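Chains: A, B, C and D, in written order; residue numbering restarts at 1 for each.
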Amino acid sequence: MTRKLTIDDLRKAAERLKNWGRWGDSDEIGTLNHIEPADIVAAAQLVRKGKAMSLALPFDSSGPQGAKTNYPPLGRFNPIRLMVRTGTDAYSGVLDARRIRTAEDVLIMPTQSGTQWDGLSHVFYGDYMWNGYDCRNVSSFGAAKCGIEKTKDKMVGRGVLLDIPKMLDMAYLPAGFAITGELLDRAIRHFQTEVGRGDFLIVRTGNMEEKLAAGSWDGYPGGDAPGLSFETLDWLQEKRVAAVATDTFAVEVRPNEIEDVVSPFHWIAIPILGLTLGEMFYVGELANDCAADGRYEFMFVAPTLPITGAVGSPTNPLAIK
Amino acid sequence: MTRKLTIDDLRKAAERLKNWGRWGDSDEIGTLNHIEPADIVAAAQLVRKGKAMSLALPFDSSGPQGAKTNYPPLGRFNPIRLMVRTGTDAYSGVLDARRIRTAEDVLIMPTQSGTQWDGLSHVFYGDYMWNGYDCRNVSSFGAAKCGIEKTKDKMVGRGVLLDIPKMLDMAYLPAGFAITGELLDRAIRHFQTEVGRGDFLIVRTGNMEEKLAAGSWDGYPGGDAPGLSFETLDWLQEKRVAAVATDTFAVEVRPNEIEDVVSPFHWIAIPILGLTLGEMFYVGELANDCAADGRYEFMFVAPTLPITGAVGSPTNPLAIK
Amino acid sequence: MTRKLTIDDLRKAAERLKNWGRWGDSDEIGTLNHIEPADIVAAAQLVRKGKAMSLALPFDSSGPQGAKTNYPPLGRFNPIRLMVRTGTDAYSGVLDARRIRTAEDVLIMPTQSGTQWDGLSHVFYGDYMWNGYDCRNVSSFGAAKCGIEKTKDKMVGRGVLLDIPKMLDMAYLPAGFAITGELLDRAIRHFQTEVGRGDFLIVRTGNMEEKLAAGSWDGYPGGDAPGLSFETLDWLQEKRVAAVATDTFAVEVRPNEIEDVVSPFHWIAIPILGLTLGEMFYVGELANDCAADGRYEFMFVAPTLPITGAVGSPTNPLAIK
Amino acid sequence: MTRKLTIDDLRKAAERLKNWGRWGDSDEIGTLNHIEPADIVAAAQLVRKGKAMSLALPFDSSGPQGAKTNYPPLGRFNPIRLMVRTGTDAYSGVLDARRIRTAEDVLIMPTQSGTQWDGLSHVFYGDYMWNGYDCRNVSSFGAAKCGIEKTKDKMVGRGVLLDIPKMLDMAYLPAGFAITGELLDRAIRHFQTEVGRGDFLIVRTGNMEEKLAAGSWDGYPGGDAPGLSFETLDWLQEKRVAAVATDTFAVEVRPNEIEDVVSPFHWIAIPILGLTLGEMFYVGELANDCAADGRYEFMFVAPTLPITGAVGSPTNPLAIK
């Protein structure tokens, strides 16, 4: 970036990129509207070798939450799973009065503690959220507008992987590396693919694999990271993508590109563009597969759980080739 | 059924249907092995109109857990969602010191409290679980064998809906209605479809829609219900289905077909056959769509969340046509 | 009551009874300030037979939350306890690699799901809370003012039981029975005791015992109930009690004494008087003991858990005689 | 210690100190039986200045769980508190349809995540627990025997503080410092007090205050620490104390005094002696007060929450002088 961005750039972007009303006054899913039925049919045609790859991190105590970091994300912790009945109960004979030997368990997790979708109720711009809804729609009762459950049948379409470190012949992008629109365009050419209306764009930075290789998440959750530059908001708007996901904690580059603003890309992407963001996607296996067969596009199915009123959802995204 | 089943029938079924070792001594996914890559490619070809339908109930306090019932399922409760930050916090100005206005939330739920997959660590036969593993592999630490995370990229293939009440010209099947293999065969012919190796079989009973229409889940969780008869275990084995799901609480018919045994179908299906079961699937919209276009097959993608060591997982199953 | 109360009575009471500033601008514990060291010394002198009685309900799934009721309390559920390690794990040998055999567990509960203290951050009057603090001090981050932890060493003093149904020769008071100041005065005379500055006043209605005897909590949580009349606010102010507790769900009489206002007593007691309220106290054993020895006063120790920022706390109150 | 202890010493201690049957075959509270009514009356007489001191750590995310340590305690995490309704909701007007403005919250915590009592169902000796009960009594359903609720009215009596570092003129005892019976006897003489039947013995090591002063809990949870030596088990038996509590994570000295045995003191204290242990007690304020007035005895009230079937309980212990 040649020029330091300011809060004024953020305000102008909010004016320039505002999609409020674009899909009607009652819309709650934003750019997911870009997907048309024909896109889903076309995406299914990309399934040629019958291979499904999971892009999810394990949901367990080995996850990134709680690691040391510059900007600790408030209130997040790794998933906690507790048993309600076990095989050791069965072995001990204490279940037999029930005349069936079963195990059950309970899950406690922030909806955004692992591989996840940020819903459109996750970030506010002033007192407003996506489509101009009053932010008070998101109270302790949950999200009365733009709850993640509104997307329950929307996370299906064509996926495209842009593997930036591979293009640059790097193992991974360093913290602070800002991925620009120009770089994304170059990647599209490099990998001989395209990104357009209704696509799910998945950008690999290598950040997650770097941490996994190091055996420590320190710096990952809320820390400095490679990621999309603020300027890509225009690029994404122009391309009309359905959603964007990365292998980083929060999609955008860190340190913050605008002083005194935390996550400026989020300020615009979610409430202004209505762009759903995918975070902490594990793309290692997918990247290897794309490199091997030279095909960087695939059918993409990453359902949210329809948790009523939730501002996000864990997901197990599948890339199917 | 003409003859009352006994515990001896259960034991004989365990011998007759035991798939332990069929996919190697270290297998942890059972009949999901029936799916071959070509099946996934073929399933994708079923996507012709670009329509995805969610088969998930909302995950919230309106769910079936806690309703009055004959055999209360132990330790289950409806999903609890709590906020970590809200739009009302934003409106009140208390978030501004953080220089971003966001909302977050936390989810507390039994893995089997709504639309879900029963993993192969869910039910034991004596001191054993699927593939002959010792049941003590499922301790308070979770499932060391057959955890649901082993299925993270497996829940993709061809889905087939058999709509039994529609075939019988009934709104829904009554409690105690046992669906036999003969009836399933008749449904296959009636709907001019087929069920075979690697398919995800979805059986509609109307039970869930009956409860939704009544506005009360009383009797649904662990109560008397229509469902698969014990004898369909042989039918499912022969057909080599990948998994079976229904719109009921627990797939099988209730009252229990064998006296003094709770859920005899489960005793065999999960630990002996290695059959993953889908429960509480909402199939109303799908049934209407199939009736409308006459096509009872579709691409089926119902990812589990890879919750390490979990005995089941909530899922948002998508039928894509 | 001869005259129907109105919202205007509520407003006048707020003016008349406002204790804001009474203990300084930075006070966060209200009427607990009435307790003086000499009161604690005197209370200890009431311990004569060395008998401690617990006034707590069991914290488990048998609690009152979730029962049928007229005004369902939002977001409350009975305590959920889940194991982290068990004796069945021990028996099964799976703990031995740790070289110690232990059991542990986890508790999930609303702070107000059983026997509990309502903290001064629990109820707001307009945009204000106790002592005139802005209600925005209680955000998703918790109670920055008047958190229950501020009371951690305050719940010690003289307790007095007023057993209204016993005085009236009734098994229990019926729903809607309003306990007036006059009745409380009569009880003081009847039981030959006194209520004064710094006392913990415990009023028995029999409501909880009625439900326990019936084997069903239906109607108890948020339902019509006997309880303190709105007019006792003046009486409590005059008496300078430290806190008030009852065996009902919410201390005050139901149906609400003021139309279109839910829990009018709460509106004044907590934010205006600064009066901490104890709810769902089990007083059956205590009442029998007092009847037996004729002494209706005792040392009372009912510590809150210092849960930082909590608006209430479960407690196991002890009456020591 | 002059001689290295072995597993054989542990076995001999189990034989020598076994209190099984001492209070009848159905006893579930062990040494708490040492307290007699007259002790409670006498304890109350120790209340002379009317000062209650809380010995509880704040229950919040600042607690010791999760800090770096040698022997990480499995499955423990700091208390999580989440709001159900807030003052910011109130301010935003979203509560007004309910006609009352209240805040509520929910607590999620291991029962042993902060200041707490270890119940007698917490540790097993072989396949047995306190009083010879089969360890399978503690299953996923909770503790059918020796649940913490059995102690609900027992935690009242005379408390004695033995401040070891003060006696030794040290700020705190270093990790590995084993407090012997001889040292306890010396402290009794030094502080001119006594320890006898039915007392609650509180031993200060300074360990917690050291960590608080350092601003980091690293090393505290499950790490090397000062504490009671294995040999004090005989001393405690002889003294007939009701319970023992310290300001450390787990009462006993670390590193473990017996090779290949984790927490040998626990192996004997809980299941063999039937001794309830208090852990993570904050004794800084109490120690200062005792030093100031020269009185190391006080009334002690530390109620457990009667969480049915729990193996331990958080507590807010009060020392009242």
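The definition used in the following text is that a residue touches a chain if its C-beta (ideal position, glycine included) is under 8 Å from a C-beta of that chain, and two chains touch if they have at least 3 such contacts.
Here the structure is a predicted model, which means the values were calculated and not measured.
At the subunit A-subunit C interface, residue numbers used by both copies make up over half of all numbers present, so the two copies contact each other through mostly the same positions. Looking at which of A-D and A-B shares more C-beta pairs in contact, the answer is the pair A-B. Each chain gets one centre point, the mean of its Cα atoms, and the points for subunit A and subunit B are 27 Å apart.
Put simply, the C-alpha centre of subunit A and that of subunit D have 45 angstrom between them. Looking at subunit B, residues 80, 82-89, 91-92, 94, 106, 108, 136, 139-140 sit in touch with two or more other chains. Remark: subunit C residues 66, 77, 80, 83-86, 89, 92-94, 108, 136, 139-141 touch subunit B in the complex. Across the interface of their complex, subunit A is touched by residues 36-41, 43-54, 56-60, 62, 74-76, 79, 81-88, 90-91, 98-112, 121-127, 129, 134-140, 142-143, 149, 152-154, 156, 260-263, 266-267, 299, 301, 303-312, 314-318, 320 of subunit B.
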